[in-house]
Each structure stands twice: as C-alpha cells, then as structure tokens.
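Multiple structures follow.
Below, subunit A partners subunit B and then partners subunit C, in two separate complexes.
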Partner chain A sequence: MDNRITRRRRRELVVGAVLLVALILLPLPIGDVYTRNLIIISILFAGLAQAWNILGGYCGQISLGHSLYFGIGGYVSTLLFVQAGVPPLIGMFAGGLVGGLVALLVGWPCFRLSGHYYAIATVVVAEIGYLLFLNWDFVGGAMGVYIPFKGDSWLALQFRTQKLPYHYVVLAFAAATWLAAWCIEGSRWGFSWRAVKDDVVAARSLGVRVFPSKMAAAAISGFFTGMGGAIYAQYVGYIDPDSTMSGQLAILIALPAVLGGVGTLWGPFLGAAVLTPLSELSRSYLGGSGRGVDLMIYGLVIVVVALARPAGLLSLFGLRRRAKGAPDGSPA
Partner chain B sequence: MAALLRVDCVSKSFGGVAANVDVSFEVAAGEILGLIGPNGAGKTSLFNAIAGEVTPDRGEIRLVGERISGLGPVTCAERGIGRTFQVVRSFDSMTVLENVMVGAYARHRRTAPAMKAAMETLDFCGLASRADRPAYNLSPPEKRRLEVARALATKPRLLLLDEMLTGLTPTEAQSGVQLIRDVQAQGVTIIMVEHVMEIVLPLVSRAVVLNLGRVLTIGSPEEIVRNPDVIRAYLGDRYAAA
Partner chain C sequence: MKRFGISLFAMAAALAAGAPAQAADEVVIGAVYPLTGNGAAVGLDAKAVLEVGQDLLNNAHDPIPMLMGKGGGLAHLGGAKIRIVFADSQNDPQKARAEAERLITQEHAVAIIGSYTSATAATISQVTERYEVPYMSADNSSPSLNQRGLKWFFRTSPHDEMFTAAMFQFFKDIGAKTGHPVKSVALFYEDSIFGSDSSGAQRKLAGTSGINVAADIKYRASSPSLSAEAQRLKAADADVIMPSSYTSDAILILRAMNEIGYKPKAIMAQAAGFQEQGFLTGAGPLAEGTMSRSSFALDAARTRPAIPAVNAIYKAKNGKDLNDNTSREITALMVLADAIDRAGSAKPDDIRKALIATDVPGSQTIMPWAGVKFDETGQNTKGTPVIQQVTNGTYHTVWPFDLAVQETVWGVK
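Take a look at the complex of A and B:
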C-alpha cells in the first residue's frame, strides 16, 4: 500500500543506508588515533542511546538505570572470556541476553510504578547493582578485571594498535539498534508501546496489554545495552564498576536520546553526534581530573535545548512531524 | 429480543462515594440504548465497569451470557467492547491513521492489513482526509470522531459512547448523529451517554435514567419524558446548580 507512512519508512531506510555507507568510509582518511577514538565512542553512544530510546522513547518508560545493563553485559562477556575462554564476539551476545534478562527482572516490580516513580526506582536499582559489583571479589571488586591481550583477532575483538576494526564493530552495533527501532516503529509492538506511552487507559481500552508491552521493550532495550557494554569492555581492555556502572553513565546513555528527540528514529543518533564529542572534548580540554565539568557543559546544553526546542534537536530539521506535548495539553 | 449485555445489580463505591448502586438493565443486540442522568449520576462509572476498567464491588456484567466483570479492559476489548472517553484521550505522538491502527491491531497481527482496516474505518467515519495529520491537530468534533474510529477499528459488538456529542454545534452534532446511525447500521450495538435530551431521545429505542448512582427508570423515550421522577431529578439538579 502506498501512503505517507509506507513512503516515509522507505525513505528512512534509504537515508539509513546512505548514512551507513558514509560512516563506513568516514574513518578511512582519518589517520589520527584521537579522532578515530572520538568517532568510535560517539557511534557506540549513538547505539546505546537508540537502545535506551526503545524503552524510554517509544514506550515512554524513562530509565535512569541503564548503566546496570551496560555494566552487566560487559562483565558477562569479560568473565566468559577471562575465566572460560569464550570469545567475546560470542560473549557479547551472552552479555546482551543477560542484560535483557536483568532488565526484565528490574521491570517486573518497577513497571507497576508509574511515571516518575519508575525513573526513581531504576536509579536505586542501578545503584544497588553498582555497590554489589564494587564489593564482589569474584568480579574483581573495585579493582575490576583486566582483559589479557591474546593477539589480534576478530573473534576476541582484540587489536593491539588498530582502531579501524572497532569502528566497524560499533558501527554494526549502532546499525543493529537502528534497524531494531525501525522495525519496531512499523510493527504491532511499536504501536502498542507508543500507545502505552501516550495514554495507558486508552491503550488498554483498545486491547493493548500494557505490562507485557513494557516488559518486551525493556528486554530488547536491555539486550542492546548489555551488548554495548560488552563491546566497550573489549575496546578499553578492562572493566570496573566505576567506568561501566556509574549513575553518571546512566545519564550519558539517556541524554542523547532526550536531547535529540525521544521516540524518534534519528533523535538518539543526532543527540549522540552532538553530545558525545562535546563531552569527550570538554573532558580532555578542561582536564581529565576535573570530573563533572563535562557534565556541567552537558547540563547547560540540555537546558538550552529544552528551553528552545522542547521536542528535541530533531525538530530543528522539521523532520519531526509528530511532536509530543501539543499546546492543547496531553494526558498525564 | 436477545440480550447482548446484562448488567446485574452492579454496585461500585469510591471511598465514601457510591458511584453505582444496584444497577441492573439489559441491552438488546442491535439497539441504541441511552444512558442519561444529571452530573455525577454514575454514567461514566458504569461505562468503566462495563469496559472492564474498574471491577464492580458487587454484581456482575455478562456479554452474550459470559461474565466479563473483573476481567479487565484488555479482555473486554477482545470480547468486543469498544468505548470512547468523555475527556478525549487521543495518542498525541501519533497521526490520526496511527491512532486508529492501534485499535485495528486488536484484530490484525500484521501491519499491512491493520493499516488497510484503519484506513477503511477512517473513511467510514469521514476522517480519511485527516489520516496523516497529527492527532492533536484535529478540531474538537474531529477528535470525537477519531475516538469513535479508534474504537470501531477493534470491531466491537458493543460500543460505549460517553458524551460524544456534547459541546458540539447543532450542525456538528447532527453529523455526529448520522455517524451513530451508520454505526448501528453496521450491526454494532450502542450505549450512549448524553445530556441533551433533544439529541438522545430521537436516536434511542430505550433509555436508562441514573440518579445518584441508582437506576431511576428504564423506558422508551416517550415514557422517559413523561416520567415525573425524571423531570424532578433534572429540574432539581438544575435548581441546585443555580
């Protein structure tokens, strides 16, 4: 059937494919390691923000605890590699599965809470997870786990000097999250989730199962977030609770989507493209020791965008036809 | 006549407020039943009970002989109860078509047939030209129509309309009445809540009058307008309000 929805979706696929090709070519002329690293981290966060968007954007369940799934995914693949020799290319799927499972465990009690209480509960649960890992000797406690280098290998996702392979790993990851979001947007699930976000009572009256919808969104979102954690751990070569499970990280995962436009296909990517370099640059120029300055700049950008463009950066481009929060008021 | 819906001694209180007290009536398949009564009479509460949104404290509700009270709104929707809301509840991040598709997915797993069914429903409700508009962008009467379209897309046997015509101009209300007749012609049974007697009574075969949560009387439109209790409930209400 040819109407505006199907045409729009086809166009999005084309734009996505073009962007993918551009990002495949992007690092080739760039020799400088610092810039390549910046691009890799930005793409990773674009994927993470999209993963967050699946639950927070489409289903409207604002999670400030995604660091938990990220960290656990990283630990699972790392420990599988270090303790059992399972190659991380496989381990990252295990990390994703456990991340999704934990997201379900968190959702089971927390989705019974509504609105802000859900967000608060996720903060608390993630903090508990962080403290558990900080004091758990088997996973290295506060020291974390170093991943021994065993030679360049795609299976182990280890490369001594090259950055390019990691670029393609995070790109494949981000593309997968995008494709998942694209499929969700056009499916029964996606419609149910958006209905749940907009108006629970109306959604129920149309036969939408609210709790299972939230759980499904959480599982998929947790899966990709856990996978991102596994890739990150392999990229930096070690894992500890501070770098992979902190509350600050939870915010860094959520903010690009919020800034770019929640519940949209391109918002999280746009947000990550703006925010991640900003955060990395401010961290390196304003001194790595001064933790928090980068977050202050982050905060400032968010406030400015929230005031000027409540619907997110994407609305600047007029791409966002269905802006949430119409002036005539939206249901609670 | 075969009863499609049976409401049997339904009572529901919220805190100290008795919203419905021992309400009983039947709805025949194919009819349009009016549900009228002054503000706070318990009309919306009763709709919430029939649609499964609230569970009655006592009594039961049966749809084609099967108990539906207490089964929840999702099951009620699956069994064939559709509803609109007194205060419009559109999905404001979606277009008009997407709103109706949410309803259509109740009967179609896949997107293409759901979209096709939603488009047909929009057409039926006279909203086809608005399909790609954001839902929040519609005028108030169009929003009411969207609520009807969304509910119709779930292919209900019984449609609950809560003040669908309230606040419309006479012309808008007239086209709303036509839509209700068209829906009935499709074989959908309707219960409609409405304040304006001049609009409800010509449309319905029978009306249930609620007052202070109780059934005051049930009867044909002629019986209702001549009933002294009804006149007192309405006039009393008006004097109290003044």
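Take a look at the complex of A and C:
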C-alpha cells in the first residue's frame, strides 16, 4: 500500500514537472497580448484556487472570505511600493506574510465554529475588512491607489506592454502553491487535516490536534492568497476595495477549486483552466452586445458541472481506478 | 460529457478566430463600458447614444448645427467611416484593462472611449498610455484621473472639482442677487469613490468660501434606511444640503426627511442619482425645488440649436431623453471624431496632436459649456456646468443666469 502511494506521488510530481515545462513554453509561440493575458489570469486564479484548496479542500474549512487575504496582500505590497519605495518583488512576500497573519487572526475566533457557521463567519469578517478599507483614508479609501508606471523593471514587476515576465511570475506563484499542496498531501499534516475534514471527533480521538491543524492550514492558505493579491495589484496597476476585497471575488477564488475537485491536487488547476478562459472569452466575444449572454453561458456550465459531476471535473479522469485505490478518501 | 467538453472547446476556438479584419476605409474606436452587472443601465445607455453618434457621423442626413453634424464619414479621410467596437468591463478594473488591451491589439482601435466609473478609467488609461493611443474620458468625473501625468488622457467632461466650484459660484451669485447668501451647508454623501471625491471637493471649497459645514454625514451606499441620517440633517438645519447619492439613496433620504417633518431650505445635489428619471418619478412632489448641477441642459435649445435634433434621434432609438451622461458621451465621440478628421490620419500620434489643438466653441456642441479645449493634463477647461432646479417634475436650468430659462426658487432666508 505504501509503495503504491509513493509511486502515485512520484508520478504526480513527474506530471507536475511536465506541465510546468509545457506552461513555460506555452506563451512563446503566442504573439497576441490578449491570449497571453488570458493565460496569465487563468494561471493566477489556478494558484489562488489552489491556495484556497489548502484550507477549504484538504482541511475542509470552507472559507468564503479569502478576498480579505487577497486584498490585504495587494494593499500591503502596493502601499509599501507607493509610500516607501519597497520593490513589489519583495513586497509580495510581505503581502503574503500579512495575508497569512490575518488568516490566523480570523481563524482564532472563527475556527471555534464548525461547518456552515464557519463559512458564514468568514463572509462577515471579509465584509468588515472591505468596509474598513473603504473608509480608511490612509489606504486611499474608496478611491483606491494608483500604481505609477516607472519603466520596465523586474524588481518593480512593471513592464510596458510585455506579458511574458508576468507569465513567469504567476507561473512561479501557481507552481509554488501546487508544490505546497503536494507536500501537504504526503505529510503528517496532510493526513491530520484530512482527518479533521472527515470527522472532527474521530480525528481528536486519534490524537490529532484539531485547532492547530486548522490554524496551520489557514496560515499557509492566507499566505499564498495574499501573495496572489500582491501580484494581481502590480499586474493591474490599480487597487481599490471593490475590485480586490468584494464578496464576489471570494466566490471567484473558491469556484475553480469547487468545480474542479475539492481537496485534490489537480482539481483547482483544472477548474481554473476551464472557468477563467470561459468567462474571459465569452465576455470578450459575446459581452459587447450587452445582453449578458456570456454570463448565461458561464452560469450554465457551472450548473451542468454541478449536476453531472458533483465531485468536480477531475472525477472525469481515472474515476474507477481512484475509487478502488485511493486511500485518501477524496470525495467521489 | 466528453462531447460537451469538445463542443465547448470548439466554441471557444470559433470565437477566438472570429475577430473581423479591419476594412481599409474605416476607423475603429473602442468603447469600454459596464454592459452587464452593476452600472449596466448606464453602460447600455452609453452604447445606445454612441451608436446614434456613429450613425450621425457615417450616414447621410440633414446637417445638424454642431461639430461633425454633417454626416457622410470623415471628409479628410476620403469619407472613411467610424466603427465603434463595444466591450463589456463588467465594472471591474481588471476586466476593463484586459478589454482595452484587446480593443487596441486585436480590433486595432485607434482610440478608446469610456467608461462611466472612475476605477475602470484608472486602468484603461494606463493601458492606452502604454500602447500610446488616446483615451477619451467621456463621463469619468474623478478629479485625480487627469492629475497622473498621462500623455494620452483626454477628458471633455468637467470633473467633480469643477462641478463643485460651479455650485459655490452659484451660491455666491444667488446670494448677491437675492441678498440671502449661504452661511452653512450639510454634506451628505455615500461611501464609494464618487461620494468621497465629491464631498472632499465640497469640504475644501466650503472652507475657502467661508461657509460653515454644519454637518458632515457619510453613509453606506444602498442603505435600507436613512432615518438616522435624516435626523442629523434636521438637527444641523443647514442653509443648503449637499447630497452626493445614487438614485435609490436620493429617493430614500427625501422620504426620510419628509417622514420626520423636515423641509430643508435648499438642496444642491452633485447630479448622479438626483439627475436620473427614476429619482424624479420615485420622489414625486418631494423632489420639487431640488437643485442639482448638470453638465447638460436639455432646455438650452435657444443657445444650442443641435439639441432637439440629436435628442429626437436618440429618443427614437432608446425611448428616453438625453441626460447628463449620454449627452457627455456623444459629445466626447464627436470631439474625438473631429480630431481624427482634422488629423487626416488614423495614426494615434496624429490624433493626439489634433486633440491637443482642439478648440471648439460651446455653440458647436449640444452642451451648455463654454467650449472644448484641453489643458496640458488633457482636461477640458471650458466644460462649464449649469445649475438646474426641479419645478413641475422636471429640471430647468437656472444658472448661469444668461442660460437660465426661469428664476431660481431660493428658500434660504
């Protein structure tokens, strides 16, 4: 049994490496910035969904407030850059750290709630954060913060019209989240977390320290989400509470993971690979009519997947083999 | 399921391949507006009015006495047609940015026009700056937008500081005329970017005009109740209440004040919700006497003869009169088209030069402005707004006094 797990994990690592190489090469033959932008946004959301998955999937704590960590990460790196001149390449780690720290602060009271109550608490806390930033003049309030363009620079993560550097930044980010998820899956932590997810009482009886497990998952998840927010802010060049801390964004972060397969290594990526291009392409080519056709298609796909594949898109692949062999009790 | 996946992919591929090639005798202008989601109502009106503008520019019709009112395409470009390609920003800065980029690189737009909300304008104007095509801001009113040192940013519309300056100028003029000057104001504003910007300018100008700010009330946009705020307004009982609110809040605060039996002496609104037809219908008799700034005056046909013709065409298409937003949008399009025509070239750099040289008298537009002339930040310095007042259920222009169609009903004693 152990051998099979090791073999499977090694295979996943190989697949991950192959995919990484493929994604490194992917933008090279693509000349137009629109498609490159599409790929960048997809990879960014893949990374964000994976970050969400670490807490929401592996540890089973459904958070609908990840927009808070995303926004705070974005604000920290942006303000460090605009006010103190700290380059965003460094600032994004600061953004991640603060994101993780805030996740711990939110987790401290909220993890005492379970199930739906926890999910609702995260919505409320995120809304409080949104309102705070909306009314806080130091961070630009409702007006947000413009990031001035100071010429091409890796340190500042600013590039006039080039997309390729951003591609590699988001790719590195998404790869890091994947690697973290991969490590967690095979570690003692990962097993504890999944035990917490399946049955808290049973997990406790086996000696799993439930609360610290949740806190650790929240910190890692918050860190990566904050980092994603920092990258997003630098990519877009403008940050305000509505676009980086809204409840809608919290859903958009969770959705790829849920649609692709919660608590799986590939689910969040698969979900983002389907959802983001679908939403962007349909908006670009059908949205100009103003009839909302693009949103109807988007909604329809989500409903169809939810009905046909409640366990996520990932269950389309190797369903039978997994049902027999999977020891991790991923939902099937 | 597999087949479903394949057909999805095929659809995406078909969509991606469907970008039309640009014909030689047309000039593409990109328009980024919120066509779905919040802001969609305004965005769809913008789309309708810009399509009216496109028809006026391209088709043969009776000449309208305004800039580019002759029709028949761009004369200096051999009668080339303007084609406007619309994109949906969903009122999201990231999406607005991506769409602007797509319009420039894939649709070969030589200029972008937009975008209603200031947050989307912030990112669109960054894209146009980097790709070096002009961004024509038709209706973004945040004062900070043109103060970022952008070379490719142009704004025909006045911004909130200019609007607010007009209100305080009106206070001064009406005070001199009636002998009852404004001594105190109460600021009442919603908490999004619009309310913050607007109230900031008002606070500043009240300070420099020596007018006391008796109350400074910020409220959560789209609140279910504004009773507490109404009480505070009543307690302050300032000479003029200055609200910056969208439609539903505008109706709600008038009702809330009415419920507690408070009749303000004067209300001077920062347009927005107060200028919407929905407000006039929803507030009914309570709206009587309310004043608002406006960048447009539908009743100024005496000095702006093009208004009835343009309004009739727009009304036939969209079923409503031109308003503060739609009038500014079609004016921005005409100014942009005129610059392209004068440039005699569809090269962004030539268009920019022509825009800088723009100097159009107000009588050549449908706006009550002194004219259109851009300063070095790209801001139109001649976009002078008007003050209007509701009587018998519609707004009538009362200031500047030479454009006024009736006397101001002035409640300040």
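Just so it is clear, the second predicted complex is superposed on the first by the 302 of 332 C-alpha atoms of A that agree within 3 Å, B and C clash if a C-alpha of one lies under 4 Å from a C-alpha of the other, contacts with A are read in each partner's own complex, and residues count from 1 in each chain.
As a working rule, a residue touches a chain if its C-beta (ideal position, glycine included) is under 8 Å from a C-beta of that chain, and two chains touch if they have at least 3 such contacts.
Since the model is a prediction, treat every value here as computed from it, not as a measurement.
Peer 1: Between subunit C and subunit B, which one touches more residues of subunit A when both complexes sit on the common chain A?
Peer 2: C
Peer 1: Looking at the overlay, what does A:Val208 touch: subunit B (first), subunit C (second), both, or neither?
Peer 2: first
Peer 1: Under the stated touch criterion, which partner chain does A:Asp242 make contact with: subunit B (first), subunit C (second), both, or neither?
Peer 2: second
Peer 1: Taking the superposition on A as described, I'd like to know which of subunit B and subunit C A:Asn135 touches: first, second, both or neither.
Peer 2: A:Asn135 sits against subunit C, while subunit B stays out of touch.
Peer 1: Would you sort A:Asn37 into first (subunit B), second (subunit C), both or neither based on which partner it touches?
Peer 2: Once the two structures are laid over each other on A, A:Asn37 reaches subunit C alone.
Peer 1: Now for A:His116: first (subunit B), second (subunit C), both, or neither, which partner does it touch?
Peer 2: The answer is neither, since A:His116 touches no partner chain.
Peer 1: Which residues of subunit A touch subunit C in the complex?
Peer 2: 32-35, 37-38, 41, 131, 134-135, 141-144, 146, 148-149, 160-161, 232, 236-238, 240, 242-243, 277-278, 280-290, 292, 294-295, 301, 304, 308-309, 316
Peer 1: Of all residues in subunit C, which touch subunit A in the complex?
Peer 2: Per the stated touch rule, the residues are 1-2, 4, 8, 12, 15-16, 18, 35-36, 40, 43-44, 47, 85-88, 90, 92-95, 97-99, 101-102, 105-106, 118-119, 122-123, 126, 129-131, 142, 144, 148, 191-197, 218, 220.
Peer 1: Show me the residue ranges of subunit A that touch subunit B in the complex, using the header's touch definition.
Peer 2: Where subunit A meets subunit B, its residues are 1, 3-6, 186-188, 191-192, 194-195, 197-199, 201-209, 263, 321-326, 328, 330-331.
Peer 1: Any idea which subunit B residues touch subunit A in the complex?
Peer 2: Touch residues, subunit B against subunit A: 51, 53, 72-74, 77-78, 82-83, 85, 89-95, 97-98, 101-103, 105-106, 109-112, 114-116, 119, 131-132, 134, 136-137, 150-151, 153-154.
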